[in-house]
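Every chain is named by a letter (A, B, C and D) in the order it is written, and numbering of its residues begins at 1.
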Amino acid sequence: MRDQKIPGHNRWHPAVPPADSVRPGDEFRMECREWTDCQIGNNNSANDVRDVNLKLAHMLSGPIRIEGAEPGDLLIVDILDLGPVPQHVGDAAGEGWGYTGVFAKVNGGSFLTDYYPDAVKAIWDFHGQQATSRHLPGVRYTGITHPGLFGTAPSQELLERWNRREQALIDTNPDRVPPLALPPEPDGALAGHAHGSDADRVAREGARTVPAREHGGNQDIKNFSRGSRVFVPVFVDGANLSVGDLHFSQGDGEITFCGAIEMGGFIDFHVDLIKGGMEKYGIMTNPVFMPGNVEPRYSEFMSFVGISVDPDDDTNLYMDATQAYKCACLNAIEYLKRWGYSGEQGYLILGSAPVEGRISGIVDIPNACCTLYLPTAIFDFDIRPTKDGPRSANRGACAVTS
Amino acid sequence: MRDQKIPGHNRWHPAVPPADSVRPGDEFRMECREWTDCQIGNNNSANDVRDVNLKLAHMLSGPIRIEGAEPGDLLIVDILDLGPVPQHVGDAAGEGWGYTGVFAKVNGGSFLTDYYPDAVKAIWDFHGQQATSRHLPGVRYTGITHPGLFGTAPSQELLERWNRREQALIDTNPDRVPPLALPPEPDGALAGHAHGSDADRVAREGARTVPAREHGGNQDIKNFSRGSRVFVPVFVDGANLSVGDLHFSQGDGEITFCGAIEMGGFIDFHVDLIKGGMEKYGIMTNPVFMPGNVEPRYSEFMSFVGISVDPDDDTNLYMDATQAYKCACLNAIEYLKRWGYSGEQGYLILGSAPVEGRISGIVDIPNACCTLYLPTAIFDFDIRPTKDGPRSANRGACAVTS
Amino acid sequence: MRDQKIPGHNRWHPAVPPADSVRPGDEFRMECREWTDCQIGNNNSANDVRDVNLKLAHMLSGPIRIEGAEPGDLLIVDILDLGPVPQHVGDAAGEGWGYTGVFAKVNGGSFLTDYYPDAVKAIWDFHGQQATSRHLPGVRYTGITHPGLFGTAPSQELLERWNRREQALIDTNPDRVPPLALPPEPDGALAGHAHGSDADRVAREGARTVPAREHGGNQDIKNFSRGSRVFVPVFVDGANLSVGDLHFSQGDGEITFCGAIEMGGFIDFHVDLIKGGMEKYGIMTNPVFMPGNVEPRYSEFMSFVGISVDPDDDTNLYMDATQAYKCACLNAIEYLKRWGYSGEQGYLILGSAPVEGRISGIVDIPNACCTLYLPTAIFDFDIRPTKDGPRSANRGACAVTS
Amino acid sequence: MRDQKIPGHNRWHPAVPPADSVRPGDEFRMECREWTDCQIGNNNSANDVRDVNLKLAHMLSGPIRIEGAEPGDLLIVDILDLGPVPQHVGDAAGEGWGYTGVFAKVNGGSFLTDYYPDAVKAIWDFHGQQATSRHLPGVRYTGITHPGLFGTAPSQELLERWNRREQALIDTNPDRVPPLALPPEPDGALAGHAHGSDADRVAREGARTVPAREHGGNQDIKNFSRGSRVFVPVFVDGANLSVGDLHFSQGDGEITFCGAIEMGGFIDFHVDLIKGGMEKYGIMTNPVFMPGNVEPRYSEFMSFVGISVDPDDDTNLYMDATQAYKCACLNAIEYLKRWGYSGEQGYLILGSAPVEGRISGIVDIPNACCTLYLPTAIFDFDIRPTKDGPRSANRGACAVTS
C-alpha cells in the first residue's frame, strides 16, 4: 500500500518526479485529499465556495511510476476499491460528509451560471453507500463513487500542444468572465517532489488540472467507479499516474462545477501494461474504460428533453449538444420547483445525484436533442405526475452566501 | 384500433386535419410507413441512399384528435407495444428487414460527414427481437424498438416561431452543404386530409419534420421504447398527435442520420389527459417521458472518451459537447478498425446498435467530455483488449455506391 | 413459418408422428392453443376452473421434426419472439386477455391447497406488454412471456422409466386428493397425426404432460422468455419438438397451478444442432438454458422469508425447501391482506406477477430457508412499511364459484 | 460506533445480556470475527475443515439493546456498509482473504454430502470487491457481501418451542450422520456477558445458531447485502440484536455449508422501530427485507434445471424442491467438469459464486423444478456451448485432506 506523499502536485508536467514506484501486476492504495485542499467546511454558509482559491486546485496524489512503462504502451488500471476516509480523524470533507457547491459566476462559474450566478452549497452526510443532505430534504441515494481526475503525465511535446491550443482559445476572448480556459499559473502551484529549476518549470509551464485531455485528466466520468478497468495511453517513461478529486457521487456533466459530492478518501489500484498497446488498439488519444458492475440499479426515471434552442431569445443553434443539455437541465429544474425546491436546490440535486445525461439525437438539423434521466427512487415522495398536480411541500433551503 | 389513413402527412401545421379521433383512456393502434416512404431497398447498393428524395420525409401517421384536449393540457401517451410489420405483405422495410444508411455529404450529410462523405448502407435481418446484417458480420443484438418521431401539432404562433428562428439560422450561411436547417418546402409536401387553401398553407408554411422541437418531433430518443409513458404539451384543440419514423434499434445520437434501423410497422398507444398540466408541472416546452422497463440488459461495455478538441488541427473548442461526442465516435471507430471492420462499417454499427452516448463532464473548462458506451455482448467475438493485441478478421463489407 | 396442425397432441410418446419438419438453421412460427383447449372463459365466475376437465391438458403444438437430429445430440432452440394471439379472432384466452386460476382441492389442487381449497379466478387484460385485472385492482406489471411447456419426444425406454417411477410414487398413496401423480389416461388423449394402433399406444402409454422431466416438459420456468436459448437433449430420431402452455406472465413456482397468466398465442423459433452434444457437455438429462436479456427490470422488492417449519403444528421438517417456500408464500399473503386484499387475491398475485422464488439457505440444519421477492413497482400504491401502518383500501374481489 | 465486546456469544437465549445499547435512529458499527472463531487457515490443506470444532460456532457479536423496543414491535435495520477487516492486523480470515470449505460427511456434512463426503477447501484472495482463488483458476467475480447470520433474541417461550420441535425431529433418527438437527450443547457454549446461573442456563438451554428461525438467525440470504433494509420481529424487551458469519460472497443455498466465502469484518447498521409493527403488517414470524441496489449486474447466465427425481435409483419424489435443486447443482457440476474442473472444484464454485437458485415450478405433479443460474462472466474463458465442444484445460486443484 502506498500513501499520498505530501506535498502532492496540482499541475501536469513531465518534470514532476514520481512519488513512488510499482511494478506491473501490483495492487496498491493511494490516499487523496479533497480537491480544494480543504477550503470548504461543513457549515451552513456558501461563503467558502464563493471565496475559494482555485489556483490551488486540484490536489493530486502521485505520480506513481510503473516500472517498464514506455511511451506507446497502454497502462491497464483497475479500480479495486474506492471510498471516503475510513476513519474519522478530523473535519475534512470525506470524513463522514461531503459537499456540492455552485461557484459564483465571478469566481469559477458553472454550467448554468447565467441563470444561477451566486455561490450556493449543500452538505451531504454519508450513511454507508448512501447520502442525505440537510440542505436538500426528501432526497437520499446510493453514490456511484469515482475519481473525477486521474491520468498519466504528458510528454513535454504534448504539454506544449495543450498550452498552445488553450492559449489560442483564451486569446479569442481574454476578458471573459468566467474565463474560456486557464493558462499556466505559478501562483499556488505545487510541483510535488520537484526542486529548484524543475519546480520552477512545473510552476511556469505546468498545465492546469481542470480539463480532461488526451491522458485522461479531469474527465469527471461518474461511471468510472469500483470495479472499472481503464486503458490509459502512456506518454513518458514510467507512465507517472496521478489521481485525485474523489467524488462520492455525481450527476452526468457535474453541472454545478463545485461539483459532484466532493470528498477526500482512498483508492485501491491494480496496474498492468499492454506493451505497444496504443498502436495495437488504435487508442492514440483519450483513455478507454470498462465500467464496473456494481453501480446502483434504478429502473424508473423522469426524463427531461432539451433541444439546441436558446430559451431566452428563441435563437436556434446548430447541432449544439451543450445547449440542448442545458435546456434539459433547466426543464428538470423547472419541474423540481413545482414540488417545493428552489431553483438552486434543484441545480444542486442534478449536479450530485446519479442522473444520466444522454446525447439522444445529434443529426436532425438544426436541433441536437439531449436527455436527462432523473431516478424517481432518490426522492422519498412520489415525484411522478398525476392528474391531481404536484404535492408541493416545504423543502428547506440550501446554504447561501452572507 | 385505428390504422394510418393514407395519404398521411409530412409537414407540421395546425391546418392538417385529424385523420381520426379518440377519447382519453382509449387504446389504439397506428400503422406507420418507413420514413422515406419506401425509397430504400433490400439490396447491396447504396445508390438509393445516395439519391434519396428528402423532400418526401418523414411520412407520418395521424394526426389523431384526442377529445377534450386543450392548449395548456398535458397529453399522456403510453407506448403499449411497437414492432415491425407483423406479416410479410411486400418488400418494404419493416417486413422482416430494415436498413441503416449514411447519407452522402451532398444530400443530407451525417454527424461525421467530413470523415465519411459518401453514401453507404447496411441491411438488417430481423430475428424476433434481434437483428443481424450480412453487411456487418460478427454483430447481433436485441433492438430497443421506438418511434424516432412523434408529437402534437403546433399552434400557428408556435409554427411561426419555428420558421422564423430556423430561417435566421439558415441566413447565417445559406449556401452551406449540408444545410444548417430546412425551410418550408412545397415540393413533395403531403398535407394529409387537408384540401384547397388549407393544403396550400400546409405546403407553404408547414415546418419540416427533421428536428425535435417543443412539441416532441424528431427526437430520436432510443429509450422511448415499449412501456414508456410520455407527457406531451398540447398546443391546439384536440392535441393532434402524429407518429412515424419507427426504428428497430438506434445508437444514441443516430449519428448515421439515415439512420438507426429504419422500418415500417405498428405502434399501440394509450392516451389520457392532465388538464392544465403544462403549468401544474412546469412542462412548458419539450415532452417529459418515463422509459419502459424492458430495454435489453447489458452489463459490460467498452467506453470511449472524447473531448472538445478538433483532432484535425488540434483546435480547442469551448465546452462543445457536440465536438466531444464526435471525438468519442471517431475513437470508437478507430478501435473497431483494428478488429477488421472498415471505418464505414464501424460508423454503421455505432448508428444502429444500442450504444449509449453520455455527457460526462460539461464544466471543466475548456473541454467538454463525452463518452460512448459500446456493449461488448453485441459481438460474437471477444472485443476486449488483451496483451496479445486484437484478433483481426475478414469482416466483409457494407453496401456502397456504384 | 409453420402453424400448429390440429388436432395437436396432449400426451408424450415417441409414436406421435411429426406434424412438420424443419432443418437446422431454420426459423419458424408455431401457434399454440391455450393449455385447457379453451375451457376457461372471460367472465366473473370460477365455476369453469372448478369443473375443468384436466384429462384434455395440455394442448401441445407439434411435434416438429428437425432433420438430422439423432439421440445424443443437443438441440439448440432460440425463442425469437413470443406473444398472445396477434389479432382478435374470437373469445379465447390470448385474444386480448388471459386468466389465472386456483384449482379446487378436489380437482387439481394447488401449492397452498390446504389453505385455499376452493376454485378462484382472475381475468387479466393485456395492454401491450403489461397486464391489469379487474379482479385485482391496484396491480399492473410487465409480463415475462414464456412457454410453460416444451420438450423433445421421449424414447420408448425413457417413457417406460417415467411411467414406472411415477406409478411407484402413486402406489405409495393411491387415494390421495389431490393425487401424487397422474398415470397414463386414454380418456381425452389426443395423439396428433397418429392413427390406428399407434394412436392406441399413445393413449394407453403416453405420459401425461403435467410435470417437467428429462426432456424438458412442463418446466414452467418464467425466465425462459424472448431471446432465450436452450440446449435440449435429443432422445429420438428427429428430436420431435413440441410446445404449448404459453404464459403471459408467471411468478416463480406457478403456485396457483391454474396458473400463471394463461393464453393462446404464437412462438417463433430458430433451431440448430450440436452433434453428440449430450456427452460433449455432460448434459445427459434436463435442458440447459440461457435466459434472454429483455426481462422487465425491477430494482426494489419486498422479500419474504420462509423456513421449513409447518406453521400449523409447529413441526420441524428437515431441509425441506418446498415447505420453506410455502411459508414464504403464506407470509407474503399475510402481508398483502393488511393492505386490503383477500387471501385469495394475494394468492393470485403471487402466482402470476413477476415474483422471484429463491432457495437461499439449504444446509443450515434443520431449516431450509427460501425467499420470495415481490417487486414493489407492480402496485399503484406504496406498499413499503412505514411507522403509520398500512393504508388498507377496498381492493375489490376475485372471481369465485357459485 | 460500537465494537464487538469479547467474548461474544454462540447460543441464542434471552438471558444473554446486551453488550451495548443504542437508540432508534442511531448508526453504529459492529465488528465480527469469522464464524468458526478462526479455526481455518490460509493454507493448502483441508485438514482444518475436516477437523473443525463445530460446537464453537457461530461466533456472534452483540447483542445490542435498542431502547424502547418491546415484543410486538418491528425493528428496522439498515445495512449501511459491510466488508472484510479494513486493515491487515493478523492472519485471520477477512484480512485480505477468505475461504470456502466443504465439510466432511462425518463432521457437518453438506448439501451434496452423499456425492462429496470428504473435506475440501479453497482460499480466496480479495481484490477490492472482487475475489480470486489459487484453488479455482479461471474464476473471478464481484462479491455480494452480506451477513449470513443475524437476528433478535428469542423469548423464553419461543426458545422452548425451538428446542421442543427440533428435538422431536432429532428423535426420528437420532443416530443419523450427519445429524438432522443440533440440540443445545453446553460444551463450547459462549454466553457473552452472562455470568453464574444465567451463563449456565444459556449453555444448557441456548439454541444452536445453525438454522434460520422466526427471529432471523442463520438465513444465509446472499442478497441481504449493502443498502438492504430489514424488518425484524421483536420478542424481548430491547430486541437484542446480534450479528455474525459475514460472507464476502455466496451462492444461493450455500451448498458447501462451510460455506460461502467466510471472513471476519465489520458491518455498519442504522436502526429504528415500528411500534406494534408485527400486528400492523402481519409480520408475525420471519423478517421481511428489501435488498439493496448495488448487487453486481450480470446479464448472461447458464441455467441448469433439476427435477425431484433421485438420479441414483430413478425414484420419484413428490414436489420436493430440495431434491430438484440438488439435481440442478449436480447437473451444473457435471457441466463444469467438461471444462477441466474437478467435481469438488465445481462444488466450491457453486457454493461461493453469485449463482442464483430458483424455485421455478412447484405444482406440476409430481416434479418440482428448480433452476440454478450461473453467470458466464465469472469465468475468464467462454463457457457457452458451441458446436466444437468444450475447451478443457488444466484447472489446477482445490485443497484436500492429507
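Methods note: a contact is a pair of C-beta atoms (placed from the backbone, for glycine too) under 8 Å apart; a residue touches a chain by one contact, two chains touch by 3 or more.
Everything numeric in this text was worked out from a predicted model, so none of it was measured.
Each chain gets a centre from the mean of its Cα atoms; the one farthest from the centre of chain D is B.
Contact tally for B-D versus B-C: the pair with more C-beta pairs in contact is B-C.
Per-chain Cα centroids separate chain B from chain D by 50 Å. Each chain gets one centre point, the mean of its Cα atoms, and the points for chain B and chain C are 40 Å apart. The set of chain A residues that touch two or more partner chains comprises 293, 297-300, 377. Looking at the complex, you find that chain A touches chain D at residues 27, 78-82, 86, 127-130, 142, 226-227, 268, 270, 292-298, 377.
Residue ranges of chain C in contact with chain A, taken from their complex: 297-300, 377, 382.
Only residues 74, 110-111, 161, 165-166, 168-169, 178-182, 210-214, 218-223, 231, 252-257, 259, 274-275, 277, 280-291, 293, 299-307, 309, 311, 314-322, 325, 327-328, 331, 334-335, 337-338, 356-371, 373, 384-387, 389-390 of chain B touch chain A when the two sit together in their complex.
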